[in-house]
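This report concerns only the one structure given below.
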């Protein structure tokens, strides 16, 4: 039961991460590859505050999420105007800078060893020691966040974000402040990623820079593309599929040093196949791009 | 009253002067046509007025206020609406959704998500349906805009610009590729919009369309404005004949 | 100090004059532009950061030399990326992995199988070309007309795919090909290995060869035509698909050469592909996207900047060398924000903004 609860807990966290990215790429149309860095920032800030500065988990998670949001805001302001390949380059650079920083500042972040003994959350003084407790906690939070996302997406605001993705020029000719809306949706997606990251750190009680690599970003991309970018249920569906796939692969008799790269090869291959044959994803909506 | 005043406008693009020292003005409530051979700079002129491109020097005055430095969305909010040569509807959204997105009071800002919305959205939808009814497309309102016929899409695009409350409508080749019947619908629509007090600027190639419909014609060639007057005056202008036909008097 | 400032001023003037003279397409001018730019960069760095009391000139010069070597490598990488971008309007985010593929393929034959140099090179490039062709046919041709997002995502995924493939086949260790690497002592402190000399010489020769190829040969002109205006080229009867394939192969060849040259000088780990890609990107954007001499210039500037900035004390503080890679990324981001059209590039309005 603990094992299954853990899997469900992990699914909740990834669902949040992927949904956050879905807001940025699927709805906002921004191919930004620093999303796992956002998650990492949320995780590290929360971990450091709780482990090294004695903050409560609630404060840690809140501040971690807000820190991520702030970072995203700073990143977004100049970058949202970029064309897709420049955006990829800039966000790639940014993600790597964050990772290199974490890797090198050993005194602060533990370097490649990461941070251990991160406390479990303790709402109302009751520590959520067991996986089942965490699962319930995370299910509640995830459902709440998903409801908010649902709400946001089905409002005129959500519709206008989609219109920007479909045709920026037309949207601006209708009076939409494209830059502002893109910043808003980027920060929103980042906040959710930060939250997911912080909760992740407190769930598995360990965090290290290997979770911020470009490989992991492929998984996020895959998740959003596979389920259908721009759809609400797409990322949730992908989460179940991908976490299930990963756990299943664990049972195969493959040595772990092979399994590592093999995972990424499989994910990358699936992503490529999806992009060629069904870019709308399994639940998908088409996305179109118009040039000036 | 001059709703639009272009003064000594210059714009260089890709090594050539797409717009060179253009000056003209547009009277409120008129239908003004901007014509000229291909590559004359007409669409560039629209892009400059509407803010998609920024001019290198010169002035654009809308209702006597300079548009210098204002971005496209700001100019749209001031009352400049636009349709595009290659239709830019949001293809995956329905026709009525496209029009709804045009309304400035659609409450699509981020902080509007906290307001109770259902009644308001229904109201906006009703307004959009009214506009679609005017062009007889209310039955197709909920179909994806991309699935409508070319001519129908053009009409929807115009109504979407109307929804934005524009007083100055820039229509880029509204008649291009459209059959006779739909062309008449478009002409009727433009006249109706003029009767409602709107000012309309049209970029067009179809001479019949232009000469019958417009009050005022401006001719461009190689980025310069070479003629400016009533349709009759312009038709007789030797520079215009030379530009179009290569005929020298 | 005053003479240095005058020198830098003069060099910059020369540089910008040459940059605008680029249109004359003279080989000598572009070579001269490169040297002028190098000189300008050199003297600027001295002006900004050189603190005579703390810095040893010799140490500084050592890093300048390294910068030149490294710059040659980056220029080669940037060249491949820029060429592909020019023809396809597509940023190959797996470019670094192509370089690694070339070097690992070569490594397999040269070190693991013990073949002599030339057959190893032939075999290594052979494998690289086959893989490139496969990738092009299977993954890029089907999405030729798709919105630009799709090929971009595919190239990101390819990068990860190839990198992990290398990790799988070759195990996550660094490799260095140490055969025949003799050292040449220049002064007490400064030395240069034959591998490094090779890098610079081969890179420069290749750059000259490529420039000549693009300007003088029929195929080269066809490539430039497609890069300039694809539709016009098609109307003129140029076989676009074939040109695209050839460009892919040339780009892979340049990347592979860079990879093989680097393998003789540095430890190459399969994870190094990302760094190569980002640095190539930084160099291309720095020099101005769409410009071949720009890519070369950007490569050298990056190489110098990386090495010089590490060796210069900023008011007593040295940048830790672990952050060397991060420097390239920071430069990339700064260029994108401040001057996205780079040094030789086209107008910002047309390129970077939507």
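When the chains are written out, they are named A, B and C in that same order, and each has its own residue count from 1.
We adopt the following convention: a contact is a pair of C-beta atoms (placed from the backbone, for glycine too) under 8 Å apart; a residue touches a chain by one contact, two chains touch by 3 or more.
If you're wondering where the values come from, they're calculated on a predicted model, not measured in any experiment.
Seen from the C-alpha centroid of subunit B, the farthest chain centroid is that of C.
The interface with the greater number of C-beta contacts, when A-C is set against A-B, is A-C. The centroid of the Cα atoms in subunit B and the matching centroid in subunit C are 46 Å apart.
Work out the mean CA point of subunit A and of subunit C, and you get 32 Å between them. Spacing of subunit A relative to subunit B, judged by their CA centroids, is 41 angstrom. In subunit A, the residues touching two or more other chains are 169, 287-288, 292. Those residues of subunit A that touch subunit C in the shared complex are 29, 31, 33, 78-79, 81-86, 88-90, 92-94, 96-97, 100-101, 103-104, 168-169, 214-215, 217-218, 221-222, 225, 257-258, 260-262, 264-265, 267-269, 271-272, 275-276, 279, 287-289, 292. Remark: subunit C residues 90-91, 93, 139, 142-143, 146-150, 152-154, 156-161, 163-165, 167-168, 171-172, 274, 278, 281-282, 285, 320, 322-323, 325-326, 329-330, 332-333, 336-337, 340, 351-354 touch subunit A in the complex. Interface residues of subunit A facing subunit B in the complex, by the touch rule stated above, are 151-152, 155-157, 159-160, 162-163, 166-167, 169-178, 181, 184, 285-288, 290, 292. Those residues of subunit B whose C-beta lies close enough to touch subunit A in the complex are 50-52, 71-73, 76-77, 81-82, 84, 86, 88-93, 97, 100-102, 104, 106-110, 112-113, 117, 121, 124, 160-161, 164.
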